[in-house]
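The following pair of complexes shares a single chain, chain A, combined with chain B in the former and chain C in the latter.
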Partner chain A sequence: MSAEAQIRNYILENYLFTDDQSALDSGDSFLDKGILDSTGILEVIYFLEDEFSIKVEDTEMVPENLDSVNNIVAFIGRKSQ
Partner chain B sequence: MCGIAGILNLTDAASPSRDELERMIHAVHHRGPDGYGFFSHNRVGLAHARLSIIDLAGGDQPIHNEDQTIQVVFNGEIFNYLELREELEKLGHQFYTHSDTEVIVHLYEQYGDKFVDSLNGQFAIALWDNNKQRLVIARDRAGIRPLFYTETAGRLYFASEVKSLFAHPAISKKVNLTALQEVFTFWSALPPNSLFDNIQVLPPGCMMVIEQGEIHIDRYWDWDFPNEQIDHDKSADEWAEELRSLMIDSVRLQLRSDVPVGAYLSGGLDSSVLTSLIKNYTDTPLRTFSIGFEDEEFDESSFQRDLVDYLGTHHTHVLCKRSDIGEAFPRVIRHAETAIVRTAPTPLMLLSGAVREADYKVVLTGEGADEVFGGYDIFKEAKVRRFWSHAPDSEWRPLILQRLYPYLKHSPTASGAFTQRFFQQGLEHLKKPFFAHIPRWATTQRIMQFFSEEARAAAPAVGFSNIERILPEGIEQWKPLNQDQYIEAHTLLAGYLLCSQGDRVAMANSIEGRFPFLDHRVIEFAAKLPSRYKIMGLNEKYMLKKTMKGLIPESIRSRSKQPYRAPDSQSFFKDGKPLDYVEELFSESRIKQAGYFNPKATNMLLKKCARGKALGFGDNMAFVGILSTMLVDDQFIRGNPE
Partner chain C sequence: MQSFSERYEAEVLNFDREQAAEHICETMRELLRSKLRKRGLVVAVSGGIDSSVSAALAVRAIGPKKCFFMQLPEVDSAEDTQSRSSQLIQHLGVESTQHNIASTLEAIGCYDARDEAIKKTFPEYTDGWKNKIVIKGGIDGQVNHFMLVVQDPSGNLQEKRLDLREYLQIVAATNYKQRIRKTIEYYHADRLNYAVVGTPNRLEYDQGFFVKNGDGSADVKPIAHLYKTQVYALAKHLGLPDSICDAIPTTDTYSLPQGQDEFYFALPYQEMDKALWAHNHGATAEELAEMLGISEDQAKFVKQDIDNKRKTTHYLHAKPYLIDPIAELNL
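Showing the complex of A and B:
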């Protein structure tokens, strides 16, 4: 499964509580769309660190890295380089 | 403390029968296990279940005036009854008991509907004036004692709890989906809504008069913060001195009782204030009760021990485990009679059980101090957000947010830039009186995503602006903190803390809570305090702390506020499996049968909670909100036992 599919499914299952793929666009902002609250982002970070064996630094906890599926995919890509 | 119930014919319906009244009052036996009393006359029937606290031998209700033309049943306490009695006797009124109840009928004779203005107390009163053929129902100012009513088939039915109304076969049982959305936004239904269709609450500070078949409701008192009454000239020392005298008097009045009075002790400032005042300024032997948790995140036992040692009190400590919460939660909902979004009432029900086991019936408790003196984080959070809104592009102004919520394991301020985005919500609503509450309500409303299509279609959507229905004229002109206080007092305090987490879980064990911070003289005094004396910088309840300097340990006076909380979703799982009743209520068939929620989404939430992955407020409130709604449906709509 691609990273994007993994992240999409995680968000759909854990925050939108559905398996309907049309419920989430990969460019949707989690905060603007009300998908995550501010503690929800901590859960996403736990998930990313577990699944992708990365460590998210405090300075990296910014919307540019974590506020959409696309942003996360790009962030993980950069971290893995 | 007691329970009341009654019926009034608005038309020429059959007279209320003893059997009808007995059914209704028996449903609230827990509120008054010491005996029943009844009155009926043509159009009206009154019933009373008594918990004897004042005038144990002579205080049975209903109580009447000299010629028995005025009859009253009453739930609560009139703390200034001795002073009122003296005044009424001087005016020629003759008393036949020593109870606080009797002052009500004579005050009514003397002052008519204005009688309520003389009362310092917590009460729900039903008074029948036979000469004028009118029924007067009144509820205390802050909403400490409950009163529900419904009108159906030419009759008005009223009672301390909804279960008394549902005990009558004429009253139908259905969840009000607008009210449910209000719970899932504001934490409580907005008056006059209860969670049930066609069952209303008499709002706090209101009087209902029923005369010639017509029902009139008027507000006789409200929290009020006009700018012109704020006193900017008085020094901080003068304020502190006056407040100390007032709090001593409030505690002294609320200790009046013919049975021993205890006190809750949380380890926080508010209960420390009360216990210290009892110890230092009264002759009452200090008997205290506290709750602690296995989970360190919620536990305040060390602060409680500090205070117990400092005051030398005879103390009972109850340790609450997660499994205790899971096990007791259905009983909590049986008493709360509403959906709730937190489990926090549950440990307090266990605590009131410990009070009862110690043979106490009455406890003083610290609720209301946060609303009256500016103690909540939401007030500080709003102060920072308002400060930020003056320069929305500023990078350093929102950094102050990081000073909020230091006690949370999963703090919403832990994720830097995300925190700022979260608290940025609603900055455009700066001028709205509910500006402070937008982040909380937005998080709570996440529960709505679990509604079924049918439930969504059945009622108009509830938004933040629905709150405007209960706001007073002119609130936009008040100081921002005063706006925040008003909304908090009418939603969280009156709609949740004083009922689901207050009266109901105490009365579940026949325990009366008393609230010295909600003495209306204290509320009115604090309404004149400049905002800076409530929150100095980000130091909450500044004036209350100043007032208590030297009377409570410095470790408690200077500690950061830790709101009372309890473990939520994790209380309902053992080894990753839901408790049996939880599994049953979350099953696809039960969710579909009830119809409120989407079975697939609720199942996914259940699984997330079972995995221990529900860390944030949103998921936990959703889980508790759904479970409590299903318990309401099970117990009240379908009539299954607890």
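Showing the complex of A and C:
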């Protein structure tokens, strides 16, 4: 499964309680759309560190890296380089 | 046109203290009479500014004989907060009880659950060490996250970022403190047929700095509309002892001294009051930056943090949601 699909499915299952892929656009801002609050973002960080074996540094905990599926995919891509 | 700083001074700092106190007291009497239908008020006094002012207003509203105060310390309560609450009780001349909740917290597993989570971050943590949680991120535009600070018996401090699971467990465990206190407050309220006074100021109430079914639970919250700076001003106006009027706000929940701004708010309360007021009155990031003497980026992050906290803590204020309303209850 691609990283994008993994992250999308994680958000759909755990925050939107659905498997309907149309419920989430990969560009949707989690915070603006009210999908995640700041505790939710911390849960996503926990998921990413566990699932993708990365360490998210304090300075990387910014919306530009974590606030949408697309942002996370790009962030993980940069971390894996 | 007046600047935001000038307006803040005129509208918040120079508010009419006597009128504010009288408005609160009259409203409390009216609520007791027509909504709550209770004979008096119970207040848990911590020695902090908010519970002290709430207690003094309760006494002013209905007299000392219709009030009952409680001191509810536990092992992490600071000694000076206890001596201040004793001073307040004496000053106001109200009947009171002291109930140390440490053995209840011990029995329910509060300290064990907290220490288990701390040891996952600092395995060497043991009896005699102290701890606190510190918030990071808000003013730097980062997602708010939490650092665990521990101090060994010789005074050495260490700090590490808390993993989410450990953070949630520590907070869940320490929330027992507020919830056990509230259980005791309602015991006395039920016994006396009194109502329970909740003591948040506006900053705490607006930003969700309280424990649901803990300190957030009450029948009336007399100072929830007042900025913290105004609560301090009211303390002086009501003639409370200097030790209370000058007290620095702490959470009094963790064993290391912990300011509220360390644990929850992006800035110390004086600045947070200004930020909240200015944000509520439509100040731009540029105007807030000028008011607080911080950068425009930081001001933008503070405004975002205020909005984020409102969203994150909305459920703390909410009544339980029903699937269908029960119209007959008229709630």
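The rule we apply is simple: the second predicted complex is superposed on the first by the 81 of 81 C-alpha atoms of A that agree within 3 Å, B and C clash if a C-alpha of one lies under 4 Å from a C-alpha of the other, contacts with A are read in each partner's own complex, and residues count from 1 in each chain.
Going forward, contacts are C-beta pairs under 8 Å (C-beta built on N, C-alpha and C of every residue); 3 or more make two chains touch, one makes a residue touch a chain.
Computed from a prediction, not measured in an experiment: that's the story for all the values here.
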(request) Of the two partners chain B and chain C, indicate the one touching more residues belonging to chain A. (result) B
(request) Determine, under the contact definition given at the top, whether A:Leu42 touches first (chain B), second (chain C), both, or neither. (result) both
(message) Under the stated touch criterion, which partner chain does A:Val62 make contact with: chain B (first), chain C (second), both, or neither?
(response) both
(message) By the touch definition at the top of the document, which applies to A:Gly34: first (chain B), second (chain C), both, or neither?
(response) both
(request) Identify the partner contact of A:Thr18: answer first if only chain B is touched, second if only chain C is, both if each is, neither if none is. (result) first
(request) Give one of first, second, both or neither to describe whether A:Ala5 is in contact with chain B, with chain C, with both, or with none. (result) neither
(message) Counting contacts the way the document defines them, which residues of chain A are shared by the two interfaces, the one with chain B and the one with chain C?
(response) 31, 34, 37-39, 41-43, 45, 58-59, 61-63, 66
(request) Spell out the residues on chain A that touch chain B in their complex, using ranges where they run on. (result) 13-14, 16-19, 31, 34, 37-43, 45, 58-59, 61-63, 66-67
(message) Taking the touch rule as given, give the residues of chain A at its contact with chain C in the complex, in rising order.
(response) 31, 34, 37-39, 41-43, 45-46, 58-59, 61-63, 66
(request) Spell out the part of chain C that touches chain A in their complex, as residue ranges. (result) 136-137, 141-145, 161, 163-165, 167, 308, 311-312
(request) Flag every residue of chain B that touches chain A in the complex, lowest number first. (result) 410-419, 421-423, 442-443, 446, 449-450, 598, 600-602, 604-605, 608, 613, 615-618
